[in-house]
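Note that the chains are named A, B, C and D in the order they appear, and that numbering of residues resets to 1 at the start of each chain.
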Amino acid sequence: MDLALDQATKWLELFGDEIEKNKAYLSDLDTPIGDADHGFNMARGMEAVETSLAQKAPADLAGLFKQTAMALITKVGGASGPLYGTAFLEMSKQAAQTSELNSLLAAALAGIKKRGGAAAGDKTMVDVWEAVLPELAQGTLTDAKIDEAVEATKPLIAKKGRASYLGERSKGHIDPGAMSSGYLFKALLKAVA
Amino acid sequence: MDLALDQATKWLELFGDEIEKNKAYLSDLDTPIGDADHGFNMARGMEAVETSLAQKAPADLAGLFKQTAMALITKVGGASGPLYGTAFLEMSKQAAQTSELNSLLAAALAGIKKRGGAAAGDKTMVDVWEAVLPELAQGTLTDAKIDEAVEATKPLIAKKGRASYLGERSKGHIDPGAMSSGYLFKALLKAVA
Amino acid sequence: MNYGIVIVSHVPELAQGLPKLLQQVAKDVPITAAGGTDDDEIGTSVTKIMTAFADNPADELLTFYDLGSAKMNLELASEMSDKPIHLYDTALVESAYSAAALLEAGVKLPEIEAQLAPLKIK
Amino acid sequence: MNYGIVIVSHVPELAQGLPKLLQQVAKDVPITAAGGTDDDEIGTSVTKIMTAFADNPADELLTFYDLGSAKMNLELASEMSDKPIHLYDTALVESAYSAAALLEAGVKLPEIEAQLAPLKIK
C-alpha cells in the first residue's frame, strides 16, 4: 500500500505518544542490560521531531522523514539516535521514488542493519523489524504478533550494543530497542488502519 | 668490595650533579622516542633525594637507599621513578645483609627487571646495567665501556616503555634511561675510586 | 597528505583529557575531540563530531571512539563530511596514543594501520 | 567478596571522566581513580594510587591503567597495600567498562576475567 503523508504524520504522532507514555518503562528495560536511558533518549528525540514538524510542515513524505531523521539524529543521544535516524533517512530517500510502504520499510531496515551491523538473533531492534516486515507485507501483522516479536528477544544473548558487554547475563531480558520498535509498528498499524 | 656509607652518599651526590647538568640533554633524547621529559623527571627526583638526605641523615646504607628510593618513587613522575626507585629499594633490603657492591647492584638489577619486565636487548636502562655489572665485578669497568654500553642501545628496536610505540622508528636513537644509567655508573666509578 | 586525529567519547572529560596525553608525544599532529551530547551528558553528538572534523586543520582524519554508538555517529558524521575519514575499531586510548606517536615520527598510514591492527577489539 | 574498580591514568581529566562512563552502568560498584602526578601534570603517582585504593570501600580491587609506567606504579602501590589488588593489561576504557557492567550484574571474577582476556593488548 502507498503511505499517504497524513498517515505517516499520524504514525509519528502515535509513536511519539507511546514513547512519552512508556519512557520510564523503556529505560527500566535498558537498566539490567544497558545504561538506563533508552526511554528518555527516545522521548527527547520524539519531542524534537514534534517541534521540528510544528515549526515547518513538511511538503511531502520525503520531507517528513528527513525532518524526523535529523531530529532523532541530533537529539536522541544514544545508539537509537543514529539507528532510528538512519531508518528515517533511508525512508526519506526511498520516498523520492515510491510511497509504497513495504518498500520504504525495507529501505529503513537495510539502513538500520548497515548502520549498526546487527543481524536477526543479535538481540536488537533488528529482531523485531525482521519478524514484522514479512507479516506486514502479507497483510497479516497484528499487535499480538508484534508483542511476540518483542518478547522473542528475551532469551537471546546480545551481540550488539551495550547489552553485548553483559554476555550471558543479557539473557532473560527484553531488548529496549526492540520494545520501542514494537511501539513503532503498533503505531503504524493504527495509523494505516 | 664493600660499599661504605660515605662512598654511597658521594655516589648519589655525583649522580644528582650529572643529572642536573644534563637534564635538557636527557629530555632531548626522550623526544624522538618518548615524551621529552626524562631529564626533568630525573632532576626532580634527584632534587627530592637531596632534600630528603639533608632533612634526615641516614644512619646506614640501608637507610640511605631507602630514602633515595622513596624520593624517586614519589617525585620522578615517569617510568624511571618506579624503576630507579625499585632499584634503590632492593639495594636497601640487600644492604641489611651485606654492603658488598656487586651483590647490591645485582639485587638492584633484578628489581628493575622484575618491575619493568625488560630484558637485555629491549632498548632500556637494563641494557646498560647488564653490560656494566659483569665488568664492574671483574674490576674492568671504565667510562669508555659505560659510553659503549649506552651507545649500544642506539640501533635497537624498543620493546618496552614509550619508545616501544614507535616500533622500527625507535632505531637510531639512544635510549634516555640508558643514558641516565650511564651517568649513574660513571658517578659510581668516581665515588669508589 | 597531512593527517590529524579525532577522539570521540561519550564523556566530555575524556575527550578533553586524552588529547593532552597524545599531544605530549605528537606536538605537531592536529588533534580535536568530541565528547558527550550537545548538553554535555554521557553520550555522543553528530554535531560535536562534525565540528571536530571541521576544526581539525588536517586534510585527512584518523578517528577513534569508545563505545559502539560513538562509532555510528562517527560514520554518520563522516558521510556528511568532505574530508577522508578513517575509523578504527581499536582500543581507544592505546591506539590513539600509538597513532599520535607514529604520525609525529612521520610514519605512513599503511604502516600505522599495521601497528594498530592488533589493537582491534571492537 | 565485594569488588571495586580503580582507574589509573596519566591524565587527571581521564581519571575524572572514565568513572562517569562506568558508573552509569554500575551504580552499585565502588569506583575510584588516580590521574596525573601529584602536581596534576601528565604522569602517575604512587601516592594518588594508594589514596584511590584506600578511598575505595570495596575489599578487593580490579585495576586498569593506560600506559606502562602507570602499571609499574600500580604494582608498587599494591605491594604497599593490604587489599588484594588485581591488575589487568587490557584496553583501559573498554575493559574497565566491561568489568563495571559485569560486576553490577553480579558476575563472578573468573567469568569477568574470561571476558576481559580478549582485551589484553599491553
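Just a few scattered comments:
As a working rule, a contact is a pair of C-beta atoms (placed from the backbone, for glycine too) under 8 Å apart; a residue touches a chain by one contact, two chains touch by 3 or more.
On a predicted model such as this, the values are computed, not experimentally measured, just so you know.
In this assembly, B is the chain whose CA centroid lies farthest from the centroid of chain C.
Pairs A-C and A-D differ in how many C-beta pairs touch across them, and the larger number is found at A-C.
Per-chain Cα centroids separate chain C from chain D by 24 Å. The mean-CA centres of chain B and chain D are about 29 angstrom from one another, to the nearest whole unit.
Centre-to-centre separation of chain A and chain D, using mean CA positions: 37 Å. Residue positions of chain D touching 2 or more other chains, listed in rising order: 24, 42, 67, 97. For chain B, residues that reach two or more other chains under the stated contact definition are 35, 162. Viewed as a network of touching protein chains, the structure does not reduce to a path, ring, star or complete graph. Applying the touch definition to every pair of chains gives A-C, A-D, B-C, B-D, C-D. Of all residues in chain B, only 35, 41, 73-75, 77-79, 81-83, 85-86, 115-116, 160-162 touch chain D in the complex they form. The touching residues of chain A, when paired with chain D in their complex, are 32, 34-36, 162, 165-167, 169. Looking at the complex, you find that chain C touches chain A at residues 37-38, 41-47, 67-69, 72-73, 75-76. The touching residues of chain D, when paired with chain C in their complex, are 9-18, 20-21, 24, 35, 42, 66-67, 91-94, 97, 118-119, 121-122. Those residues of chain C that touch chain B in the shared complex are 24-25, 97-98, 101-102, 105-107, 115.
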